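Next, two complexes with subunit A in common: one pairs it with subunit B, the other with subunit C.
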Partner chain A sequence: MTSSPAASYLPIAVVLLLAVAMGAIVSSLSSLFGPKNPNPVKSTIFEAGSEPAPGTARQRFAVKFYVVALLFIVFDVETVFLYPWAVNFRALGWFGYAEMFVFAATLVVGLVYVWKKGALSWET
Partner chain B sequence: MSGFVHGLSYGAVIVTVLMTVTAFSLWFERKLAARMQSRLGPTLVGPAGILQPIADVLKLLQKEDIVPLKADAVLFNLAPPVAVVCAIGVAAAVPFSPTVVAADLDVGVLYVLAIGAVTVLPVFTAGWASNNKLALLGGMRAVAQSVSYEVPLVLAALVPVILAGSMRIGAIVQFQSDHHWFVAWPFFLGIPAFVIFVLAMLAEANRIPFDIPEAESELVAGVTTEYTGMKFALFYMAEYVHTLVASAVASALFLGGWDGGPFRPGLHWMVLKTLFLFAGLYWIRWTLLRFRSDQLMRLCWRYLVPSSIALVATAGVWVVFVG
Partner chain C sequence: MPPIPNLTAADFLPLWPAVVLSLAGMVLLLSEVFLKATEREGESVRTYQAVFTVGAAVLAGGLALSLTFEPARAVFLAFAVLDPFSSFITAVACLGLALTALLSDGFLRQRQAERGEFYALLLFATAGMSLLALSNELIMLFVSLEVMSISTYALAAYLRRGPRPTEAGFKYFILGAFSSALFLYGAALLYSASGTTHLAGLASELGRIFADPSSDRRLVVYCGMALVAAGLAFKVAAVPFHMWAPDVYEGAPTPVTALMSVGVKAASFAALVRVFLAIGRHVEPQVPVLLFSTLAILTMVLGNLLALPQRNVKRMLAYSSISHAGYLLVGVTALFVPQARAGLPGVTVLAAGTRADQADALRAILFYLLTYTVTAVGAFGVVGALERREDETRGFGWDVDRFSGLAQRRPGWAVAMAAFMLSLGGIPPLAGFMGKLLVFRAAVDSGLLMLVVVGVLTSAVGAYYYLRVVVYMFMRPPPEQATLAPHQWGTEVALAVTAAAVVLLGVAPGLVTRWLGPAGHLFGQ
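And now, the complex of A and B:
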């Protein structure tokens, strides 16, 4: 259908544009058709349905979530590196396999390290 | 120019089909859940309640659009459409047959995984912008869960890429129709990779048993708590479309896509497999209980990640020796 690599993305860009248009239209439908009776109580946050708990939601958060984010960056970047290797794998043969094995082994060593460090235990 | 027209027509078709399937899958899910719990489910609107989703949309249309005063209005309003755009964006690169596709990209698998991973951003944006402690906690949980399960998801999707030697989804399906479906042979690679892929994709879409970000018994409705009307509906739509499209990706990568085994290949096989898998996910949803956060993280990092790394290593040995 299309020859150049960039041109093959054109249909995708068009689909995305269409999706953006649909999302924008649908999300504005409620404000078009719905009633508009704002009052001070309605404009507060709903939270659990009763009086919101004191304090703001913009506060410090448990550090374990950030540890997960760090782990993700390390592992996901490494796994994405495996993709080009996988495509050319047949041509590379045993040499490519050995090289990637070393790479994956460092990945596993890292996993064992964070495991022993207790970064994977969510309970604490 | 032909790419533009093709994208426009295919995009219109894809959006329409996804909307329709999503709406009626809601009806199907409610019926199925009801049957599994010895209830009747929706019966009033239309024959066997089949028009229930349309009634639901009409009801949501009449709801007031509320943006809490303390919320970050820009991000709050941006999150629902972005969620849907991500979900539909994935669908654009999934080939349903050699001809029914917007663009069968050279890096199709990578594109699908990348756009699929972005779906966590609108969810977290919604949680943060709501300025609601429970929604924020839901958003935090969603990010932690999605990024964790991203690793086994990417590794499991790597197995078909290694076996077929291509990132083009169409080529992976072609390889399976020339040889065997990956769940059939080599089944010791295909089946575990398929199971890990499905589990991780359920976690990415925040579906039961991995719906801890929503956990209505503790977080009200998670990130969607503050949303009303069609914006709320958009989040639901995004979740269903994401699951549907992920089922299509799993069918293409592991179940042979449009290949019909001994029968003539065609679009209907891909649709059939996708819907079958999608229905299976409903079955899981209404059978299992919700995991706790710590169980969720343990399952991912201690079991799925090491086993998917082992799978990739085994797939490499297999290709060097046999393939």
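And now, the complex of A and C:
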């Protein structure tokens, strides 16, 4: 542990340097030795679920992408919270169980709501 | 160390209002999807949602009021506190919610937009306000702030057809997220200086930093303090962080505007007071006084001056809401003066500052928030009852012409609106006058004469634009072919309650102030 605040950032600077160097080396190697067969479709930018945006951010696209993304985030975060609880399940005991039950039940209410609203059916 | 802290049932006590509100919100969400069968059968089917919301608000508010008798203490490992101050703020927020729900029923029915989600979002927002009032730790404070804000972002854009609600929702979301980020950055800096996010621990650590003249962490503390102040000033719409307020208030559905201008403001002021009483008392004493008196003067002067040219009554009320944040900031400034007697420009020492001054200032802020809640909800209620959907997109739905001759067409509304306008202008014997009187008296007791002079002068400016509405209602002939919306029972009840409260609080403020006694001290301050 160093006392100077600037010196304590040194490891971060090293990691940054390493990361930049790795990226630079790998991409220059592949551009040197890799085969190149470009065609127009391959050269376009990849965007999931929609046409690659040609310059404008105001292009409209279906709102269902948002719904799915939001639901994914919600349940993704739920898992993040469930893991530490599962690891400490015995130590946390019934109190932890009740707390997690309330947490999960709240999310179930939301899930039931979006389900009945029809947000989970892609084709409507 | 046992992994489970000793939490008892008493720890959960202060959460009950928020629990009631959130459960009611979830029930409404589920009823919205499961009661679809009865959807379009009759006009009155959906009224149960408003009634249910009012019931939940009354229950939660009653619980909060009964909690004011509990002894003040820290709960949940000092993450939250149970003290009369937070319980009163929750009760005020629940009052705002109940009145808003009453107004929303008729308002949404006219626009065929009755949905359970609307009321559920109102309930979730109010639950966030309740949690915000009792948070005693920066991260809990931030989460509560977001629960409140995200619900109101969605509510601002609720009537989503047309450019104005979209603009309101978008602006509110972007600027609200920005201000949350500022708050969070400030909280991170305070944490980096003190090593804790608990307000009590923060206070004692700041005391140590500022007692040690060689400490190099003062600048970090001041940066953190400034960023936290900026984040919260956004939420209360204090100048120079007010730019979003007129556009958002104008574009949001009028009942939502009412809740934003009272509930969100009350809860944000509670957070501001709690955070700054913890950190402001340990930094150099003149810093919080200068900070809040600058904000207060800017907010009072600019809020009132910008309201002057508005012919659009809803926008005028938005600027009026800004100016009232300024008067409240005078009360907030008074909280810090007893520690900062010496060497402040503009502070005249009249009496030795005591903790009693501070308690008076806190009670004055609470009383002011209550009077502003009933007055502003009533005023926005009349505005909402008068506006018609087809005029909104063209932007003159809220022109002051709409109030012409209201005294002949709807005498009851006109008298109530006159009471609200005079109360907002601070004319005795109405509630707004008593609120201003208490806040200004607390400021005078603290020696903040300059702030009080500015406050009184700007109030006089405010009388001009408030009285203009009254003049239009009583002295202009009604327009030729103006149609008024049919009577809605919810609106009528809400207007009757608020008008009665405006008069009652002005004539007999003792009814409330005698309850406010124990709320003069925050727990641990």
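Just a few scattered comments:
FYI, the second predicted complex is superposed on the first by the 65 of 124 C-alpha atoms of A that agree within 3 Å, B and C clash if a C-alpha of one lies under 4 Å from a C-alpha of the other, contacts with A are read in each partner's own complex, and residues count from 1 in each chain.
Assume a contact is a pair of C-beta atoms (placed from the backbone, for glycine too) under 8 Å apart; a residue touches a chain by one contact, two chains touch by 3 or more.
What you see is a predicted model, and the numbers here were worked out from it, not measured in a lab.
In the superposed pair of complexes, A:F81 makes contact with neither subunit B nor subunit C.
In the overlay built on the shared chain, the residue A:W122 is in contact with subunit B alone; subunit C does not reach it. Judged by the touch definition given at the top, the superposed model places A:K36 against subunit B, while subunit C stays out of reach.
Of the two partner chains, subunit B is the only one that A:L16 touches; subunit C does not reach it. Looking at the superposition, the partner that touches the larger set of subunit A residues, subunit B or subunit C, turns out to be B.
Of the two partner chains, both subunit B and subunit C are touched by A:G93. After overlaying the two complexes on the shared chain, residue contacts for A:F46 are found with subunit B alone; subunit C is out of touch.
Applying the stated contact rule after C-alpha superposition, one finds that A:Y113 touches subunit C and leaves subunit B untouched. When the two complexes are laid over each other on chain A, subunit A has residues 88, 93 in contact with both subunit B and subunit C.
Listing the residues of subunit B that touch subunit A in their complex gives 2-4, 6-8, 10-12, 14-15, 60-71, 77, 80-82, 84-85, 88-89, 91-93, 102-103, 105-106, 109-111, 128, 130-136, 140, 143-144, 147-148, 150-151, 154-155, 158, 161-162, 165-167, 220, 225-226, 228-231, 233-234, 293-294, 296-298, 301-302, 305-306, 309, 312-313, 316-317, 319-320, 323. Subunit A makes touch with subunit C in their complex at residues 88, 91-93, 95-96, 106, 109-110, 112-113, 116-117. Those residues of subunit C that touch subunit A in the shared complex are 3-4, 7, 26, 29-30, 32-34.
On subunit A, the positions that touch subunit B within their shared complex are 1-2, 5, 7-20, 22-24, 26-31, 33-38, 42-49, 52-53, 55-58, 61, 64-65, 68-69, 71-72, 75-76, 79-80, 82-83, 86-90, 93-94, 97, 100-101, 104, 107-108, 111, 115, 120-123.
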